[in-house]
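Structures given as structure tokens follow.
Presented sequentially are two complexes of subunit A, the first with subunit B as partner and the second with subunit C.
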Partner chain A sequence: MRGLKTQKKSSSPFSLTDEKFALILIIPIIVFELVLVAYPLAYSFWLSLNDVIFIRRTIKFIGPGNYITTILDPNFLRYLFTTLRMTFDITVLVIFSALGIALLLNETFKGRTLLRMIVLLPWAVSEYCTGVIFRFLYSEQIGFFNSLLMVSGLINKNLLILTPEWAPEFVSIAYAWHYTPLIVFFLLAGLQTVPEDLYRAARVDGAGSIKRFTKVTYPHLRYAIIISLLLASMQAAIATDSIILLTGGGPGIATASLTWHIYELSFRNLVLGMGAAYSYILLVIMFILGSAYFRILFRKRG
Partner chain B sequence: MVKIRRVIIYILAILVAIWSIIPVYWFINMSFMTENEVASVPVHFWPQFPTLANYLRMLGYNATATVGNKTVYFLPSGYASAIKSGMVNSTIVAFCITAVTLAIAIPTGYAFGRYKFRAKNKLLFTLLMSRSLPPISIVIPFFMLFQTIDLLGTLSGLIIIYTSITIPLMTWILMGYFATLPIEVERAARVDGCTRLSALRRVVIPMASAGIGTVAILTFLISWNEFLFAWLLNAGTPAQTLPPVFPAMLYHIIDNTGLAAATIISLIPVMAIALVFGRYITRLKIVDPVTTTGG
Partner chain C sequence: MSEPKNVSRRKLLYYGVGGAAVIIGGGAAAYYLMQPPSSTTTTTSTTTTTSYPKPADDPLFFDIWPYRPDLVEANLTEFKTQYAPEAVTQAVIAGDYAAQIETKLIAGAKDLDFAYSGTATANRWYEAGWTRNIEDMEPRKIGDVEVLYSWKDIKADLPVAAWNCLLSGSDGKPCYLPYFQSCFGNIVTNEKLLEAGGYADTKAKTSIYPKDYPELYAQCEDMQKKGVATSPLLKRWGSEVWEMGFVAQIEAQARGDPVFDQNMDPVFDINTPYADMLKDWQHLYEKEICPRGVLNITEGDNITWFETGQYAYSEQHTYDLFTFQDPASSKVAPYCSIVPPLTKNSPIGYLLVNGAIISNPPRSDWKLARVHRLAEFYTYKDKNGNFYRPKDFMVKTGVGSPYPKVLDDPDVIAFVKSKVYRDQDVTSLKQLVEACWMPEYLKVGWESEWTTMQQPLLQQCVQGSITVEACITQMRTDAIALKKKYAK
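For the complex of A and B:
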């Protein structure tokens, strides 16, 4: 990027170079990062090395004790696996449905503008409201899906939808419902960069719609898809609100992800040191995903 | 062939529309029913005797509903005052957070979008990472901290912690937006003797007003929709915003129709904003504004 080249020396007494001006402008964000990000993270790390008893307000230094307890926790791998499973489910659901909807919205048909507005709506519904709403869609007694199945005569007794086996998938569907629109519009922006001539040429050459997608659309969209994959997985890995309101980590610990377990430890059992230790493990995972995302974002531009 | 393609497109469009609307529709449906009708098996797909009673009692009024030829009386819900004060508090927080976020994100976004400087990429990476920090990890140190400095359960505490979500994201978006603006106008202003700061104020910000407006709306939406911090830091205090009302209703009482009405009340502002400003929001590349910056 070129900086502003000034043809004339500024007459102001604060005659600055571009770089100095930029550095002055970013002072607030540096203060912000130090006070609201770096300090809490450092403090949180300090907490993770302590035994924090919230009710008695005592803090006792125990070194890596919390981390050892965490790794020795028989359920630790289960929480990690649940997080990975739901992250995988959500990412797959979001990418495929977003791609399908984006391709649909890229066609010209009557009512397309209306459909665009409708598709955006789930994104305006917050994650916690999504949790509340889907809790009632899935409900055994008064749920939408049970009512639908019963009216269509497929079942005659209400089904339990959130079973220990499949609850993570159903939570993922709810989250994907809320999160898909963002990716739809990102992919749609990517689709609109594909030159129309290429499609015409491919059609003249007799390429079917599948071939047109793999040979023309996909190469143009690959970068957008990779970015969406990383972003969706980063968001999915830290999904919390929907789990809290939809299942509360249940049934049993079927949907207890790392984020849910951090919440449970810190704010139900009030062992904040343990919660902080778990947080740091999650942070490492996020850091790896974030680094990959950043690299791909900037690699394209060299 | 072309005709079949048309038909398939319309069928898919209808399916997508249904899937997007059904969950909210189900709650609207429930909110117009009485508790007895919700309990019927299978639940009706539209209310048999639609009533506004749930909305009225959730907002603290006495209400009546006509079911068949009977009239049923309802008392105001115990959650009415929490809902009303929650809406006021949510609105205050949302406006404050929008102002604070813009004040910091505009200059920073401009600096990132326009200039090259030392350690820029490192700073961008820090910004990106702070955008993807799990809120549940951030809340623990803030909880302890606010406890010590008496900010727990205050609106200012909530505003401070919300900036940790909104500022990195909005800076990131504005950076992409500023980079797309033509540089020539700025240059002309500088030639005419504007200082850098007045060029930013008089030329760049007016040019970017559409982008800044959209970012303001987005900040408002995020603040209104945030749940975890509001719940863990402010639930049960006078500074409680709207979201913490929902887990309380969900876990402590069985009032399905009231819950549905309260949810719809909380969704009305954001739904309206999404419908009116949706076009602008989808035009911003929220996911990847970097692709629009040059060099």
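For the complex of A and C:
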């Protein structure tokens, strides 16, 4: 009854339609977005059209000059490829391991609550600390993995883990370790919505575990998976701290992704125009990636 | 069960606006209260008196990198005791120190008065106008704050080479103060491995040291063949962005290639010793005379690796010798020595006078005098005329001082003698500091970009991903383009 009461038209000057009320509520968010997103975006786009020498405080309009230089940079395709490669690696690692862990944690067993807390721990560790931890794990000379292999007699000479060929994958493993718990809990929340009756019915029908997953679990989980894919790949594409701490973009430029190069240009060298141009190129890539996911999401829903 | 309470839209809006007003009002009040009180001048018909705020209400801010914050804290306590009442807020900056300080300087942050810097960053920040030169550091008294020493006193107590490091490349004025001195890139040794290779006798404490880089590499290859070590040489080729560029400059110059002329035009080319150096480096990498994993490691890792005792030679800072001689952490101890400058082509490294900068936000003369007082205490002498902080660091950590008077101090000599492998090393250390020089390119505005560009190119060249010719051609192109870009 109260609900009906609020929809009554009132003569008070404060009476608002639902749309107006909603608009008033989101005004702070719009202002917030304009200040923290729209303005920096516009400013950085303007920077990308200029040659900025920060320490001389000079700025010269060069139009698309930075974009042309960026595309013509002999390493541009390498940076792009490394970004895509690491994004793919991280996303695959995160989604598959998160799914496996979520399915395990969805089962009923003794110590489940404790295990859920333990699983969350890597997420509680910052990306910076993750980089430091894995630097010690991977170290050729003083690393945990090498010591383990050496003590167990499997090797008699230390292994180089972060080779030019495989360094992107090992950096991806470090980042995936840090990021997986978040996705685990997204998926776990999705799994909680699957009615137990369906599993029981599937068991009665003689469905095995794989069939139960594909016919019962997956249909309920697919939207959560798509959202998780979106989040994981977006985060993977902009992962920088792990690269800074584990390899510094190397060896050579083996792990130099677009974000690493943007960091180098913008923060180390203050080459702001070029850094902004690279950032916009990355933004376009992220936009395409995000659009693709949303397209899949809404098509499925439709 | 009680019925849920509905909140009307009007009330919600009232609460929202009220809440926002409280937050904004509270923030504004907090900001106002946090502003340091400024000095006030009262003029009467006969006298003019100026009152200054309490130092505790307007502390000095000192950002340090994470090296022995405990020692810095102790030193600052001594400073505050000597100059009481004084207040200094010390912050340890983790991560990319230079980038974070630079961000603060750009923003004109009021919570930064004093910070560490290298030669290159000090020049860059000074050229940008974010830091001050020290030419107004003169004895004076403002209120109860007394500055005791002049920048000329500091100049008089420094060797010419060290003083020249402090001079800005843009206007020739001293743009930072000396915090510590080292020769970076000189060669430390593991005498036990050298003995196993036939290059040393640890009983007689004699060694056959290489006279130049090719001889160093030949010795290492020989020791590898003899099975003395899997990879006898630990180069500074790590992931720190500055390392490879620095060691390339040092080695090329020792081989007779100046790399840049006086106008900062590149003179290294595919036919100069720079190319020979890169070919040697490729050989070291290919044969694993230097471990390949070195390309990924940080400066700290490099020290830890050498401490394992598995390497015969390594490029290090002079002060790291004392770390390697500490048996608590190093397996090389007490058999770590240092290669002396035997010829003009010897691997001696370059002179590194790292320093401290004074930021340049608007501040009163009274506050500036306090900053100068902190600067003179931290980088020069204390109230009693002693080199308190430089000597304290030297005898507790071995971090070198550029002041000969500190190095000649009996306590310092006793410390050094207690740490070195043989007495002759004391002389070697002194000879190294005297023979070292600083490459002038560290003072140009484009050094940071140049260094960043060099590192991946040199790493790729060492790995053989690009040829020596391609690497040098690209580096020359980059240097020429940068010089043109930054031309005034």
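Note that in this section the second predicted complex is superposed on the first by the 279 of 302 C-alpha atoms of A that agree within 3 Å, B and C clash if a C-alpha of one lies under 4 Å from a C-alpha of the other, contacts with A are read in each partner's own complex, and residues count from 1 in each chain.
By definition in this document, a residue touches a chain if its C-beta (ideal position, glycine included) is under 8 Å from a C-beta of that chain, and two chains touch if they have at least 3 such contacts.
In this text the structure is predicted, and so the values were computed from the model without any measurement.
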{"item": "Residue contacts with subunit A in the superposition, subunit B compared against subunit C", "value": "B"}
{"item": "Partner chain(s) touched by A:Ile53 [first = subunit B, second = subunit C, both, neither]", "value": "second"}
{"item": "First (subunit B), second (subunit C), both or neither touched by A:Phe267", "value": "both"}
{"item": "First (subunit B), second (subunit C), both or neither touched by A:Ile253", "value": "second"}
{"item": "First, second, both or neither for A:Pro122, with subunit B first and subunit C second", "value": "first"}
{"item": "Contacts of A:Pro28 with subunit B and subunit C, given as first, second, both or neither", "value": "both"}
{"item": "Partner chain in contact with A:Ser44 - subunit B first, subunit C second, else both or neither", "value": "first"}
{"item": "Contacts of A:Pro164 with subunit B and subunit C, given as first, second, both or neither", "value": "second"}
{"item": "Footprint overlap on subunit A, comparing subunit B with subunit C", "value": "2, 6, 12, 14, 16, 21, 25, 28, 128, 135, 141-142, 158, 244, 267"}
{"item": "Touching residues (chain side subunit C, partner subunit A) in the complex", "value": "6, 8-10, 13, 16, 20, 95-96, 98-99, 102-103, 106, 124, 127-129, 230, 238-241, 291-293, 295-298, 301, 304-305, 308, 310, 445, 448-449, 452, 455-456, 459-460, 463, 465, 485-486, 488"}
{"item": "For the subunit B and subunit A complex, residues of the former touching the latter", "value": "6, 9-10, 12-13, 16-17, 19-24, 26-27, 30, 38-39, 41-43, 45, 103-104, 107-108, 110-112, 114-118, 121, 123-130, 132-145, 160-161, 163-164, 167, 171, 179, 183, 186-187, 190-191, 193, 195-196, 221, 224-228, 232, 243, 246-247, 250, 256, 259-260, 263, 266-267, 270-271, 273-275, 278, 281-282, 285-288, 290-291, 293-295"}
{"item": "Interface residues, subunit A side, partner subunit B - complex", "value": "1-8, 10-12, 14, 16, 18-19, 21-23, 25-26, 28-30, 32-33, 36-37, 39-41, 43-44, 47, 52, 100-101, 104, 107, 109, 111-112, 115-130, 132-137, 141-144, 146-148, 150-151, 158, 177, 182-183, 185-186, 188-189, 224, 227-228, 231, 234, 237-238, 240-241, 244-245, 259, 262-263, 266-267, 272, 275-276, 279-280, 282-283, 286-287, 289-291, 293-294, 297-298, 300-301"}
{"item": "Touch list for subunit A against partner subunit C, complex", "value": "2, 6, 12, 14, 16, 21, 24-25, 28, 53-57, 128, 135, 139-142, 157-158, 160-164, 167, 244, 246-253, 256, 264, 267-271"}
